[in-house]
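Common to both upcoming complexes is chain A, partnered first by chain B, then by chain C.
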Partner chain A sequence: MMILSGDPPRSRALSILLVVILLALLATPFVFPGAKALNVAAKICIFAALVASYDLLLGYTGSVSFAHTMFYGIGSYAIAIALYGLGPSWTSVAVAVVAGLPLALLLALAIGLFSLRVEAIFFAMITLAVASAFLVLASQLSWLTGGEDGRSFQLPELLRPGTVFIGKEWFGFPINGRILTYYLVLSACALMVLALLRVVNSPFGRVLQAIRENRFRAEALGYRTVFHLTYANCIAAMVAACAGMLNALWLRYAGPDTSLAFSIMLDILLMVVIGGMGTIYGAVIGAAIFILAQNYLQALMSIASTAASEAGLPLLPGLLHPDRWLLWLGLLFIASVYFFPTGVVGRLRGKPAAKH
Partner chain B sequence: MSEIVATDALPKPKRDIAPLLLPLVLALLMIPLVGSPSSWVTLTVASLAMGMMIFIMASGLTLVFGLMDVLNFGHGAFIAVGAYVATLVLLPLASWAQADSLLINLAVLVPAALLSMGVTGALGLVVERVLVLPVYGQHLKQILMTTGGLIVAEQTLYALFGPQIIPMPLPAALRGSFILGDVAISKYRLLALLIGLVIFVAIELVLNRTKIGLLIRAGVENREMVEALGYRIRRLFLGVFMTGSALAGLGGVMWGLYREQVHASIGDELTVLVFIVVIIGGLGSITGCFIGAILVAMVANYGGFLVPKLALVSNILLMVAVLMWRPRGLYAVTSR
Partner chain C sequence: MSALLKLTGVETYIGRYHILQGVDFEVPEGQTTMLLGRNGAGKTTTLRTIMGLWEAKSGSISLAGEPIEKLSTPDIAQRGVGYVPESMAVFSDLTVKENLVLAARNGPLDDAQLAWIFGFFPALKKFWLSRAGSLSGGQKQMLSIARAIVEPRKLLLIDEPTKGLAPAIVMSLIECLKEIKRRGATILLVEQNFHAARELGDQVLVMDNGTIVHRGEMAALAADVPLQERLLGLSLEAHQ
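What follows is the complex of A and B.
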């Protein structure tokens, strides 16, 4: 209970689901060898942490930020620029952490102080504008960021696929730096999710929920709401930047499409809502469902699309084309806001829908 | 204390003209910086035309927010849909559009614009009923719902029209420029300027001279009071929402012609610009929106000419500057 900060899943089905996800992630390198499965698993880990940090904002404070990918991107680019510019060493990684996290913190602080004084809606618009300016900036300053192409770089010796710890003879495939990187990503992300769980179950987290439910009343009780909201915004930004760093380490690359694009922001939003807002566990479930769908549903859609075009149906082939999978997720998104606003977690817990 | 006599005229509300002067001052300040008068005139006309197009798109959004406290993050979808629908008319009738006669050009352009407005207006009806109505008064869900709507609309456009960029050439009669001395003014920009002004004047007239406009302005200021007087503000709101959507569609057509190409991503792209304009202008204010649009366009044009690198973040800087001066936008009309 300690490790879950006294906030257990409170539903047998949910507990089982979470344990299954965790075990699957732990076992992936051994049970599903192959690059694709490992990539999907690493992405689930990274997004679980990223989405959990977004849940702190959306689910616990009720403020909609569209700048979350900006912090994610700051983390990614910090690692990429440091390792590209200073060479593949642990010193460069340390430099990236020391430079990237304070930058994310400062920006979060500035945005928070500037726009959290006002209503949620205002905050949403301002973060959207700032994030889009940052995206343009990152793709234009090509001497620093590599522009649209991004930056590819080498990892420190220990994390490279070429570094073999245990040869093929034991498991039929080598245990190398890649697998070490995977476990690094997995453990760091698990730590971040648990830390966020700790944050939301602290007295501070309770104040955030109070602000979400009734800001005016929270203020009347004597809480400095702007301080609390800005603090939450900073914590979320730091976690997002850390997730971005892990993402860059895993991909050995950082570019606008993998870290800053508006579509990633929409993905995060979808994951939070599908998983369940204001639960943290929802982030893990949402990320797992979404990324599995993203990677494996498309294959299914491609089969359906070919079948539809062979049957000579109008429109359907276009609608079922694998590139259009976001269309169906968008519909799912609207449907879930409509019918089960508490997401998968809320459904499994079976409590009455929380009112926002 | 002076006595108030019943026959006295009501005290006139104070006119707040400082924001009105802002674009003028900015334009005049730019004369020495730009240098040559001819490029200054060209830049100014360009920014006014661009400002008008942005104003047309943003006007609906600001009223929708002001009246009903609904922020439509899917507003960009109407812009994109409007532009795509226009290609349905403009591309099959390309020979008319390229004919060397203004009349024939207009005979295809006007129906295209009207069709776009009709389709986006109808879409606005559907969106209001399906996405916005169930979540009145819940900001978080409104943002989520309309963002979902934006995704679905954009993906549907990709599915129906394909992911490629569709060219949307300007009609022949609108190409080229008028040359006055050494100043060149593009014909299409002049037309855009004209349409924008007409729409601005029309909206102002409706808001200030008709019963409906009176109700809308009253609703923006105090919704409950208007409802208490027995007016069905939901219906009024639906009308405003549809009109706003239709205007966004028109804006999309004009923007498509301005860029001479259409792509579903213009929805995302312009949403940001439109939001900045709405924030600068003050949520719910048409005049503020008008000035905000011109300011954003001016900063983009002058900035792009003088310091191209700055153009990337100029909008944000403008927004910060305006909000430092007036934290609730140029004109704060809502009580919220």
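What follows is the complex of A and C.
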């Protein structure tokens, strides 16, 4: 299949799961009305692209980067600063794209050329240092970034919730700029995931896999591995910056907590591991599972706790109390790593666990 | 016969260990030169130093008259040096096809070259779309050699290709290497198997403690058991 770059899911269960996720995302505005469902769906889309770009680094080259949220933040802040400073117009969006993407590219190029020549741990440490410095910089330059408060801004008129295209009479709720923004986010993220699928299935992607397996062997075939790793870093950074731009457009806000925080980096790592490293499809699955659990586990536990309490069961109501949702989220992740060591996609494709 | 590869006074350290202690030799063009020696003599380090995987601290290495000791490994590979490391070095996660496509850097796979490879390695055709990690040891070694010859190379560095393989597979590998030789390839081959060494070698170099202690014709060494015992500690027949 051309659209999947000759890399179909290769598992009936995985195909069904991906189709269900895609249909659910497409139908969310109509089937699950309400702000929360739409927010969750948009977050799944954005993180699917963000996690897929991180998987290009971690899963396909074996490089651990802690700077991915920095590139995500560059995209977010580029949109926020441009729309806040220049006003809510498409020109401002264009300025943000023209300024944000090259900045992310140049930083990724510099980090890559500087640190990917040597041991992987050095690259990880450099990215950690640069990301920390960027986080501090974003907080300190409050005249530009809004500091800890971040920047709220208005969207171009077409994307505003107040812009109604179709009234309530058709679907029972208006089709407005918010829904248009959602589909913009969905289609841009789908394009990015498909583009990454193309990258990993290209000859360039094969070289990355060869480098991941044995860098010296790839060099002995004549490949300049540092350049290949740097190009991968640049591609991943550009996609992360695009995802950040979409996130800012969706939230109409950019701040340290929503785009630069290290907790987001940990979330990305978990999503990659849960979905399955080295499988772009894993990013979609990992993002969907993680974000659904993050948003609905507490509500589910509340229902379970009430039911257990009404049934007069001992201990369970306390254990399932909604306040303990983070404990259960953690246990779920431990269980998923234990039972799916190659991630959900690896398991569904029947790939054996990597032997070291 | 002119020398394609020439090493002069090459010294290599691995950490604080002084492994190559002034290696001098030449590999004549169009011939197969065997590099023999006890375990730990520095044979693999020699190949890896030529390939740029270990840095030569001093001395010079030239390929077709051009110095290569300061070049990076990819540059050396792009100058036409093919390297087959020991221990069945394939990319396990890639298919047989992908392994060969990766090695054919200068464009798509050449059908005639591929047919030639399939001629003596039919298993590679059979498992064309299988993951290389799922192949047997012998098949992996075949793939490793096929990767080095999928494009014409000036020089092939091959490290113990028969190590750990069943006798039948060894025979087929020897036939393959003979065929590569017949096509005029220049080969520097590290080998412990006497039968393979005698069948394939034109010239021989013997290493000990990081230096070359003997150089000459393979046939002469193969016929001189006392010399073998003096150089290698035992006769080559006992190496099988």
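Going forward, the second predicted complex is superposed on the first by the 312 of 356 C-alpha atoms of A that agree within 3 Å, B and C clash if a C-alpha of one lies under 4 Å from a C-alpha of the other, contacts with A are read in each partner's own complex, and residues count from 1 in each chain.
The rule is simple: contacts are C-beta pairs under 8 Å (C-beta built on N, C-alpha and C of every residue); 3 or more make two chains touch, one makes a residue touch a chain.
Quick caveat: nothing in here was measured; it's all calculated off a predicted structure.
Undergrad: I want to verify the contact counts: of chain B and chain C, which reaches more residues of chain A?
TA: The partner that reaches more residues of chain A in the superposed model: B.
Undergrad: Looking at the overlay, what does A:L331 touch: chain B (first), chain C (second), both, or neither?
TA: first
Undergrad: What is the contact status of A:A129 with respect to chain B (first) and chain C (second): first, second, both, or neither?
TA: A:A129 sits against chain B, while chain C stays out of touch.
Undergrad: Does chain B (first) or chain C (second) touch A:H321, or do both, or does neither?
TA: A:H321 sits against chain B, while chain C stays out of touch.
Undergrad: On the A-aligned overlay, A:L221 touches which partner chain: chain B = first, chain C = second, or both, or neither?
TA: Second partner only.
Undergrad: What is the contact status of A:V64 with respect to chain B (first) and chain C (second): first, second, both, or neither?
TA: A:V64 contacts chain B only, not chain C.
Undergrad: Tell me which partner A:V20 touches in the superposition: chain B (first), chain C (second), both or neither.
TA: Touch partners of A:V20: none, neither chain B nor chain C.
Undergrad: Once the structures are superposed on A, label A:E213 by its partner contacts, choosing first (chain B), second (chain C), both or neither.
TA: Second partner only, chain C.
Undergrad: Of the partners chain B and chain C, which touch A:L266 in the superposed model: first, second, both, neither?
TA: first
Undergrad: Which holds for A:L106: it touches chain B only (first), chain C only (second), both, or neither?
TA: A:L106 contacts neither chain B nor chain C.
Undergrad: Please give the residue numbers of chain C that touch chain A in the complex, ascending.
TA: It is residues 51, 53, 72-74, 77-78, 83, 85, 89, 91-94, 98, 101-103, 105, 147 of chain C that touch chain A.
Undergrad: For a test of understanding, state which residues of chain A touch chain C in their complex under the given definition.
TA: The contact residues of chain A facing chain C are 203, 206-207, 209-210, 212-214, 216-225, 278.
Undergrad: Write out the stretch or stretches of chain B touching chain A in their complex.
TA: Residues 65, 71, 73, 131, 134-135, 138-141, 143-145, 147-149, 151-152, 155-156, 158-160, 163, 268, 271-272, 275-276, 278-279, 309, 312-313, 315-316, 319-320, 323, 327, 336 of chain B touch chain A in their complex.
Undergrad: Under the stated contact criterion, what part of chain A meets chain B in this complex?
TA: 58, 62, 64, 114, 118-122, 124-126, 128-130, 132-133, 136-137, 140, 262, 266, 269, 273, 315, 318-319, 321, 323-324, 326-327, 329-331, 333-334, 337-338, 341, 356
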